[in-house]
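The structure appears right after this line, and notes come after that.
The first chain written gets the first letter, and so on, giving A, B, C and D; residue counts start at 1 in each chain.
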Amino acid sequence: MIRGNNKIVAFCCENSAYLAADKAGRMRLHYPDNVRIIRVPCVGRVDLIHILKAFEKGAAGVLLIGCHEGACQHLTGNTRAKERAAYARNLLKEVGIDEARLRMANIAPDMAQQFVREIEDMTEKTKER
Amino acid sequence: METSSLVIGGGVAGVAAALALADNGSQVYLIETEPSIGGWAASFCCKATDVCTKCSVCVVPQKLQQVAIHPHISILTDSMVAGLSGGIGNFKVEVLQKPQYIPPERCIACGMCAEVCPTEPKAIRSPSPEAVPYSYVLDESRCLRLKGETCDLCRDICPTNAIDFNHEPEKKELGVGAIIVATGFEVFDAREMGCLGYGRYPNVLTGLDLERIFNREGYLKLPSNGKDPKKVAFVQCIGSRDESHGYCSQVCCKYAIRFARLIKYQNPNAEVTIFYIDLQTAGKGFAQFYEECQKNIRFVRGLPVEVLGTSSGELEVRFENISEGTVKRETFDVVALSVGISPKKDSWDLARTLGINLGECGFFDAKEPLNSNETNVEGIFLAGTCQGPRDIPDSIAHGMAAAQSAMEVLERCK
Amino acid sequence: MQIRIGVFLCDCGKSLSNIDFPKVSERAEKLQDVVHVGLHSNLCLKEGIEEMLSTIRDGAIDRVVIAACSPKLKEDAFRNALEEAGLNSNFLSLANIREQCSWAHEGDVTEKALELTAMAVERARFLKPLVKKDVPVNKEVLVVGGGFAGMKVALDLANLGLRTTLVERGLALGGRLEGFETNPAVPINSMRKAIEENRDIEVLTSAELTRGEGEVGDFSIRIKKGDEELSRSFGAIIFATGYRPEISPGDFQLRPGVNLISQEKLTEILKAPERLELRPKTIGFVLDVSDENCRLPTLSALNDALAVKERLGSEVYVFCKSLKVDSEGVEEVYREARDRGVVFVKFEERPRICSEDGRVKVELNDILLGDEITVFCDFLVAEERIMPSEGTEALSSILKMRIDSRGFCQDENVHLYPVSCERKGIFCVGACRGDLDIARASTDVASAVLSTYELLAPGTAIVEAERVKVDPEKCRVCLTCIRVCPHGAIRLVRVDTEREVAQISDLACEGCGICAAICPAKAIDFEGYGDEQILAEVQAIGESL
Amino acid sequence: MIIAERKPLEEIRGMIAGYKKILVAGCGTCVTICWAGGEKEVGILSSQLRLASSGEGTELSIVEACIERQCEKEMVEELRDKVQDVEAIVSMACGIGVQTIADVFEEKPVFPALNTTFMGMPEAEGVWTEKCRSCGDCMLYWTGGICPVVRCAKGLLNGPCGGTRKGGSCEIDPEKDCAWVLIYRRLEKQGRLDLMRKYYEPKNYRAVKRPGKIEALKA
């Protein structure tokens, strides 16, 4: 039995979401401390197995956060991640995990507030587990 | 002959120019009058809805960071050019730097100094979240110690012993082969158009205010009561294309339409109106975007003449709808004035120091229209909005183009 | 061999009070392979780094974990420090315990700080060294398109000492601007002459690209000139293929001909007004009918309108919806035109245009007057839509680069602006990437020239060799990575003379990792963001320590 | 190339129900290329199985492996050490691979995780289409290199059925092109339209004796 660790794993693109997270810290916007940010060069780097392993470790939720569509420095990284997230949700459904526990979000470097909102939202959603 | 170069102004254009020069091996001095680089664009906000709307604001932080860590770039903040001698290939530039009571290279931004500072508001300011360099700034006018009182609280608590009240203004002489002027612009002060109520009514905002609100808060709420806006008006050409500004600021139509779209995205029930003279919708992909926007944003040809507060706290806008040939009154709860790009008021000082010309509109004058980087002084080049209105990508391009001209000079000097 | 990890914690001048550092330190010591844990207060300062360096040397530490402020601030400085200590600069793993931990949460975050440190330690255990190496780049540049922008690129590059080959599809250089009323005036003739005289510029006219392979620093291009096919190699490519003007007959109920003329035709008339049988009394310009890409047509219409006033003395009407004045100096020209008596009529609905008695009848609702008006013109100069040059699509598919939604070069992505495209070493300048006026085109040229110079002038480029790498043993040659790489950095290469496998160009790779995520054989490793490194971080989450 | 797709998880879990230790074996050739059973997919399936069983509280330990080709006995041998420790094998290869494993490790139950679907080629990224039905009597030389047996929904050999839609798509599936329109256009390009008039005898589907077997000359 996998022990739930109640953590939210956020894979953050270092060109956008990671900067937004830094900004949130600098603005002292306090958000739930159960989030664990993993820096990736582009959210398109995140593979299905990374998502699944996070759940295997007992994560409460997984977030893929990248740039807005049309603003990916690698053109297709974020749209691929979006498709991948949709596919991964199917895989999760197959194993009986609530699909809402995986989400893809788009955040620009200056969107500290929206970043915080994403984290709070996911924390809220995964609380009832 | 010098192979190093000087960039005056750390906004987008200056930063792009500095990066381009440094990447080509030139030692670059980047001087900035403010305590941090980035200029206006650093405080702007992303205007993406669920998709990117191509405002280019997100390219700025990356460039600033690259500049900050570039081994060939020395950033001198709080500095200005005080004198110039020599000529192309061999300029001697006198730079005056304000006292660095908290030198950025010693400040680790722990914030303990601000915590202990006894004045209210604090004499030590925390840097804005996007500031580069990210270090605390001492406000001379508020600091008790600098006013002659005895207070060493911040100095004593600073873990890196960074604070030194004995710092004097510093004069530096830099030898450079070429100079790039990238001093940027001033945002038109909407108070000058008193009839539109800016500064009088809290819900009359400027484009710049919107940038900052969205940058900090992420969402637009009515400044007066914190509620969601229901009826928003944008007024174009504030400080552009009028008697004293004989040019189009090039950025306002686009940012207004993008903001309108963003507000509509966040508040689908809000009604958004844009008042304009001629809409500038040229540019890569913008026409299609505009077409999309026409579906749920109202465009009215004609500029309001007056904005008045009503007793219920709304704003009554009087305008002529030119297309319909009618004069109307309509109430809105937010009026956003699309302020334009104005030349810097102190351009004249720099022009005199460097010996370069100012054009009719108050921007620096380019020698020939086909090369808008060149000035009347050989070896001094212009970049970005100090030469004329430009948006972010055009400013970056112009900065790189200035760097190219400077590079040619430096290559010749080798 | 045993890995020796050193963990350096920084409490940022003892300011991160919601983290119990002694506790973090004590527990971090128990992590696998950790041989040293040090507590510092100013790791980002010179003295802090000095301290760290001596610890690294004394303790024979070979992997460094730093738990401090955001990597965005000091990562580079730390990497340099590692090199100074004789370690590979890749042996660094960072935990962001300030911006994303201490500052981001209220209350005690010791547990989180510890977990972030543990994640960084786990990741550090899988780091491998990265070697910097020089790769040679070809210093020749290919310029496609011999109009104003292309010619200026070639001349400017030659000025900086780079040799170029200028390929033009037409019979001669000059492009579209030749003979046009332009403001600012473009010295096409003198440019042409300068190119002829320049030994560093090879001009191939009546020539077209047929094939293109390779990446930045080493493009192999086939060029067809007449019956000949030339094979050349270049280090970089600059597109300056310009635009194609198009009069869309659907916009007018007239056939192009006597009354509806193009701007080109008007230019011809203006050059030799004496040849006209009758001086036209009224000339109209219609603009902005298509509602897009209207900068160039507006600029030329305004210049033409002034020229008509001066040379023919006709009455001039400009019909438009929104005058596009967002280019340098256009507002001034607009004002001058109004002062000289050019009449601007604005409409919301498209004017109705037809022939009547040998003249053009323009009927429209003048929104200023608020009334229907009718204007008879001897000539109506049609708005030309700015369209992508013919063959843009073919050309971009030869070089595997994307075009935008309207078919112009360069995808719509702010990170590419001004002149880059998603493939390193390929630049797009001027009107080939959209509706750009001459001043903007000229700025484009300068930025592309400098970028090219930076890339090629040294003759070599320093890369981190094999940061992203295909394992030839594991590669199943399914071509997936080649198809998905957004930067065209992967190609098939023959190994051991027998098998072809995918190989990533170190120079062209931009390090996004899309290929590594999608490879079905898990054959692609991305040092720093490899599967085992990312999974190591994931594994460390929630481990009770 | 052989194209396959993964079975729904539930079906796979049904097969392995009751086993506590299994081997998930991938194949590094065709099914890797069609994103169905390579190393990556082995990881995904294993992870899913672990998640599902832990969700139910059942015990399951998984050994992961991926070999070059499961259709070669010698290569399958590489799995022997791992097979010894497990109770059952889940093969992520095509039907051929599954059978090879079953032959080599007769004592262990082998379960297929994929449905082997057809022989085909990649049409676009992540899209594969069937191109050959291995009828054993190839007629591509008459049809401009387009196989009507596979690509015509009705497998017609002598021209279109008459139900071709406007624009040249198939009456059964408007998403697909009518094979005979494609053949016509191809032959037209080659100036060989006369071939359209050729009559084909009803196809001899017994050209290959099933199950097929070929004994090449041992040179």
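Keep this in mind: contacts are C-beta pairs under 8 Å (C-beta built on N, C-alpha and C of every residue); 3 or more make two chains touch, one makes a residue touch a chain.
Keep in mind that this is a model prediction, so the values were computed, not measured.
Asks: Treating subunit C as absent, figure out whether the rest stays one piece or breaks into groups, and list them.
Replies: Result with subunit C masked: one piece.
Asks: What pair of chains is linked by the largest number of C-beta pairs in contact?
Replies: Chains B-C share more contact pairs than any other pair.
Asks: List the centre-to-centre spacing of subunit A and subunit D in whole Å, with centres computed as mean CA coordinates.
Replies: Spacing between the chain centres: roughly 35 Å.
Asks: For subunit C and subunit D, let me know how many angstrom lie between their CA-based centres, rounded off.
Replies: Averaging C-alpha atoms per chain gives centres 42 Å apart.
Asks: In whole angstrom, what separates the CA-based centres of subunit A and subunit C?
Replies: From the centre of subunit A to the centre of subunit C is 28 Å.
Asks: Could you state the distance in Å from the CA-based centre of subunit B to that of subunit C?
Replies: 23
Asks: At which residue positions does subunit C touch at least two other chains?
Replies: If we look for residues of subunit C contacting two or more partner chains, we find 72, 412-415, 484.
Asks: Quick check: what residues of subunit D touch more than one other chain, meaning two or more?
Replies: Expected reply: 40, 43.
Asks: In subunit A, what residues contact two or more other chains?
Replies: Where subunit A meets two or more other chains at a single residue, that happens at 19, 22, 26, 47, 49, 53, 70-71.
Asks: Which chain pairs here would you call touching?
Replies: Every pair of chains meeting the touch criterion: A-B, A-C, A-D, B-C, C-D.
Asks: Taking the complex as given, what residues does subunit C use to touch subunit B?
Replies: Those residues of subunit C that touch subunit B are 12-16, 41-42, 44-45, 69, 72-73, 76-77, 156, 159-161, 183-186, 291-295, 322-332, 335, 346, 348, 367-368, 370, 404-406, 408, 410, 412-415, 417-419, 433-435, 438-440, 442-447, 449-451, 453-454, 457.
Asks: Spell out the residues on subunit A that touch subunit C in their complex, using ranges where they run on.
Replies: So the residues of subunit A in touch with subunit C come to 3, 5-7, 9, 14, 18-19, 21-22, 24-26, 28-33, 36-42, 44-47, 49-50, 53-54, 57-59, 70-77, 80, 84.
Asks: Going by the contact rule at the top, pick out the subunit C residues touching subunit D in the complex.
Replies: Listed in rising order, the residues of subunit C that touch subunit D are 474, 476, 478-480, 483-484, 519-522.
Asks: Okay, in this complex, where on subunit A does subunit B touch?
Replies: Touching subunit B: residues 15-16, 19, 22-23, 26-27, 67-71, 106, 108-114, 117 of subunit A.
Asks: Okay, in this complex, where on subunit A does subunit D touch?
Replies: Its residues touching subunit D are 1-2, 47-49, 52-53, 55-56, 91-92, 94-97.
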